[in-house]
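Take a look at the structures listed below.
Both of the next two complexes hold chain A, though its partner changes from chain B to chain C.
And then the complex of A and B:
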């Protein structure tokens, strides 16, 4: 499993589109920083192919007042969870 | 390396994959990514390049220095062979997005569909995006 980490909002450019096109079937996605905007309910359709493989960082949701708005299917992880994910992953690829 | 359209899988392995997603001029992203490629190759790492999104424009022939004489990145691309960097890939969808064909390019990358890009990432120890 490869962990793909995205720090850009869906509307900020083509970063999200590019990472989604380069992910394998068992790879996981973690949204951090501005990327957490992607975990708002109206944008959930972007990630339907990633059921069970999508994560969003709690600290960055909290700081933006977005915690609690996430649709089902997004696992919320804190910094420790982030570290655990990187341990489980064969490698991490950052997209920004 | 031959340019293949509609290629699905990709079995190329290597130490470092640079994913280049920015066009020449305008920012230093592309130059910095290419610099890393040359440094990696100088240290005997197996380096592959994937030109993705706007990054495919880095391959366009006919590039020149900027209006104020700023060096472009095309001279660096022409040095890749000297550094034995010959694993070159391009996002097929981006080629289509910009209406480019092999004849428009200064090098001969292999075109990759989505599954091919995922394979490429999987088969490299270190993946850096620029």
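And then the complex of A and C:
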């Protein structure tokens, strides 16, 4: 399993689109920094194939006033959860 | 596990350095070993010893130095990326005929081979980019 970490907002380019097309069936996605904007209800359709494999970083949601606005299906993890995901994943790929 | 962190972004321009420092502390808090933080591309600007941000802002330079002092984490800076941005230690300053130096321990100027070694030797290498 590879952990894909995205720090770009969905409107900042094609990063998110490229990540989603590159992910294998057992890979996980973690949104951090401006990437947490991807975890908004209006964009939920983008991630339906990632049920149970999509995460978003609590601290970055909170600093942007977005905590609590996530659609169902996004697991909110804190920085310890981030480390835990990197432990579980054989490799971590950062997209920026 | 043995971890290493790669920082590619300049401090105060992007969130990457803040994220990396917070991640570093979380790695250590979970009982892992953090071998090194490697600064490359604009990330080398984290090593500027004369950085003096306003007192009410996060003190990234102090944060990295404390991380190194308290947890014996190496702070490695790509020498080629550093020199072209005016970042050099006393030895490089003398070699290039410059009157001052802008990098000092615990930051150390190293070659890219050190990054390759981290990738080979550590269990996890986590990148924070722009």
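Quick note on the criterion: the second predicted complex is superposed on the first by the 96 of 96 C-alpha atoms of A that agree within 3 Å, B and C clash if a C-alpha of one lies under 4 Å from a C-alpha of the other, contacts with A are read in each partner's own complex, and residues count from 1 in each chain.
Operating definition for what follows: a residue touches a chain if its C-beta (ideal position, glycine included) is under 8 Å from a C-beta of that chain, and two chains touch if they have at least 3 such contacts.
A quick note: this is a predicted structure, and the numbers were derived from the prediction, not measured.
J.: After the alignment on chain A, I want to confirm one thing: do chain B and chain C clash, or do they fit together?
T.: Chain B and chain C fit side by side in the superposed model.
J.: Taking CA centres after the superposition, what's the angle at chain A between the directions to chain B and chain C, given in steps of 10 degrees?
T.: Between the chain B and chain C centres, as viewed from chain A, the angle is 70 degrees.
J.: After the superposition on A, what does A:59 contact: first (chain B), second (chain C), both or neither?
T.: second
J.: I'd like to know which partner A:79 touches here: chain B for first, chain C for second, both or neither.
T.: So A:79 only meets chain C here.
J.: Please indicate which partner A:14 is in contact with in the superposed arrangement: first for chain B, second for chain C, both, or neither.
T.: The first partner, chain B, only.
J.: In the superposed arrangement, which partner chain does A:96 touch: chain B (first), chain C (second), both, or neither?
T.: A:96 contacts both chain B and chain C.
J.: Of the two partner chains, chain B (first) and chain C (second), which one does A:27 touch, if any: first, second, both, or neither?
T.: first
J.: In the superposed arrangement, does A:2 touch chain B (first), chain C (second), both or neither?
T.: After superposition on chain A, A:2 lies in contact with chain B alone.
J.: On the combined arrangement from the superposition, state the nearest Cα-Cα distance between chain B and chain C in Å.
T.: Value for chain B versus chain C, nearest C-alpha atoms: 7 Å.
J.: Identify the residues of chain A that lie in both the chain B contact region and the chain C contact region.
T.: Touching chain B in the first complex and chain C in the second, residues 94, 96 of chain A appear in both lists.
J.: Using the touch rule from the top, collect the residues of chain C that touch chain A in their complex.
T.: Touching chain A: residues 1, 3, 8, 15-16, 19, 22-23, 26-27, 29-30, 32, 124-130 of chain C.
J.: Within their complex, state which residues of chain A touch chain B.
T.: 2, 14-15, 18, 21-25, 27, 91, 93-96
J.: How about chain A: which of its residues touch chain C in the complex?
T.: On the chain A side, the touching residues are 5, 7, 32-34, 59-60, 79-80, 82-84, 86-87, 92, 94, 96.
J.: Sort out for me which residues of chain B touch chain A in the complex.
T.: 19, 21, 52-54, 91, 93, 114, 117-119, 121-122, 125-127, 129
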